């Protein structure tokens, strides 16, 4: 429970209306009831403001005149402000120090660390203060984990990998499995190339459920500070990702590709191997990136969804696009004189 | 082992031929031997009927005249009938009551429940009768699981989530990890938005191996009764899926999207965030849905696969499609008079 | 540490330069320092050779004249040679025999087997010599695992499945979960078809992290000898994959499809169900294969990535491709006489 003036004292913003109002949780405009603090992050939700039962709202300056008497906190970025308020209401979980008797721990860990049932920690592991290792996690030999990092249940971090401070790794994530590296013999047999690099993860990184980040072949796979990775992402060996890049679910990044800082990669996008993506690139959902990108901007390659019959009618022609272009060129050649014809 | 007349007594259908024949298992037409019951679900497999060694077959009325003397069960939907027979031959596994000594259980559970080795169950968990919690599962604080639900080994269900009755959740599934929610600061840093909603799963839901369903940000993520989700699916926070919708493997559904009842989503399809898909929609495999769908039907967006050289020849033109359309328009303008020209 | 002449004695190749040079590890040209053995697998990296500090290099005969005095090993396939050298420097992990006290093992296993903490092994399991079962793995009833196979931590192999010899299965992989098989009732309800087949995996197979391979419905799902599967791949029920086929990350293969031997399937490719792909097919990254392939070769279907504004401009026309073709045909009809017109 916070008073609005307490929130403003902690987080900034300008208060309008009754400063003594207390709010007990954050909520969406639709769900908010008495005692709730809602927010208007986007003018397109303004229509919901009128009908909302929220006791107070977080709004941008241009929305303030439309609030009509409801207490509000005015701030340049209501969504960011909401995030900070939500963190006050829901602080991150704190380690409950101790090693569960059903955990198998053969490295020394600080007394402040929580290790859940069924977890196993191999030799030569170095874990920082206040780390949480959830139930059923496995931490391989020689791993280092920085202070304040939280592993949800059933995370795997394999030998030699490094995880920074204040990271969150969700259930089922696998950090440091072997990269997919084989040399092909005559006859098609595959000879495994030992994967002897590591995964090196910076500080303040979040990694989603069942995401996999492979260890490097010879060098390391590197995830920069502040990166956020969603669920079911595949990061192949020797990929390097710059700071604060965010990657949505189901993305695959193939081996040895470099992604810059502050990029945003949409869901189900794919990036093939050995490419270089510069800083500040946005890749749209479902887009396959098949060559390097050297300029910031938004890049897209996806198809418009159509009713099935229309799709058949239109897309059958894709197999004959070259012929179609030839036919247009041929028409142009018949049409125009040799001096001004379009070269096609 | 069942006699054909026993099957018909239990499951309906019309018996043709020797009612006393016993069958000991179900099999495909190709694999069936003596003592096996096969089925013809599709007239295109009729040719295999002749050569099959099956002792009896399940057929539709229009196929019956073609069976020629083999005992058969005639029913309107042989595939559905086959499913029910197969359930008789292979009843679902039943809980072997008890808590394994290597499980860590700190909530009270009914005596009928089976809890495997390495499983951990946090505080305030409520589990119904006859539930199976496989080896290495983790059930977070405050979770509720309805009667008869089976968790395969290594499932994670995080705090506060609700799972209905008679559900099956396969290995590696992660229910209730944090949704991917961040507010962006100036400079590109990401501020985590605490994810305080739940996942609420109805009755008779099946969830595939390594599928992830994220908890809601403020409200809940909801999976309706009778939904069937395949493996490696990502369901983002605040998604709502209606009853009896089936989703094939590798699909991604982005945040806050609503999918109606009885939809069928093909493998590797993607649905971007904040959309609404109405009831009875079929999305083809590999299709990215980038806008809401308001009418039932089949929707598709995918490319015809081509030999690589043809693909290069045809698809190079996609970058210049707008120019091509301009060239056609220009030809049309030269061709026709101003009064009847095609506006393009 | 190996002398170059030791390497050549074991692995073949021709030595050029000081045979007594010792190398202590393998490295890339860029990273190599004194005491390192690098390789030139591709002439496009030749420029890096000059600046490399490697003590020796593995090169192809045509590159040898360019090496200029540095000791080298000359071989027809430097990348393959590098793989074999790397295996000498980094031999595969060897089982540390014994069953961890926190493992739950109810089958008899050979004394040479290593079973990690938190692992559980059901009844009637048969495990070969020197197998490693990592921490937190679950092996279901009746599973057979061949000698020398290594399961990383947190692998699940469900009842009745067969894994050959010398396989590597990475963390989070789920072998033998139920296939996605349901019959639909009137009204849209789904009736589960018991999945009673197995997964049968050959020898020398590698399966990536969080990959899922479903058990067959009636028959088996089969992965041939020498196959290599990367991370986050979905193999549906009754799929059959021939020998030495390699599949990159995030691929989905739908039910009952057959893939031949020595195929290479690129990342995020998809193959729909009930198809047949012949031997020696290469499918490019991101390609959806929607019909059978009967001839070896490279097959592709993907879009060129474009800056977002260009993509909108070009791809809006895809919805009207059929109309465009009609317009071209109409122009052609106006242009040419009836005897020589292009039928389109």
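Each chain gets a letter, A, B and C, in the order it is written, and its residues are counted from 1.
Note that in this section a contact is a pair of C-beta atoms (placed from the backbone, for glycine too) under 8 Å apart; a residue touches a chain by one contact, two chains touch by 3 or more.
Being a predicted model, the structure only gives us computed values, none of them experimental.
S.K.: Touch graph across the chains, line, ring, star, complete or other?
M.R.: complete
S.K.: Through what angle, to the nearest 5 degrees, does subunit A rotate to match subunit C on its C-alpha atoms?
M.R.: About 120 degrees, rounded to the nearest 5.
S.K.: Averaged over CA atoms, how far is the centre of subunit B from the centre of subunit C? Could you give it in whole Å?
M.R.: It comes to 25 Å between the two C-alpha centres.
S.K.: Mind pulling the subunit B residues that touch 2 or more other chains?
M.R.: If we look for residues of subunit B contacting two or more partner chains, we find 102, 118, 136, 154, 172, 210, 232, 250, 268, 302-304, 306, 315-316, 318, 324, 328, 331, 335.
S.K.: Spell out the residues on subunit C that touch subunit A in their complex, using ranges where they run on.
M.R.: These residues of subunit C touch subunit A: 26-28, 31, 77, 79-80, 82-84, 86-87, 89-90, 92, 100, 102, 116-118, 134-136, 152-154, 168, 170-172, 206, 208-210, 226, 228, 230-232, 243-244, 246, 248-250, 261-262, 267-268, 285-286, 302-308, 311-312, 315-316, 318-322, 324-325, 328, 331-332, 335, 342, 344.
S.K.: So in the complex, which bits of subunit B are touching subunit A?
M.R.: Touching subunit A from subunit B are residues 102, 104, 118-120, 136, 138, 140, 154, 156, 158, 172, 174, 177-178, 180, 182-185, 188-194, 196, 210, 212, 214, 218-219, 232, 234, 236, 250, 252, 254, 268, 270, 272, 283-284, 287-291, 293, 297-304, 306, 310, 313-318, 324, 327-328, 331, 334-335.
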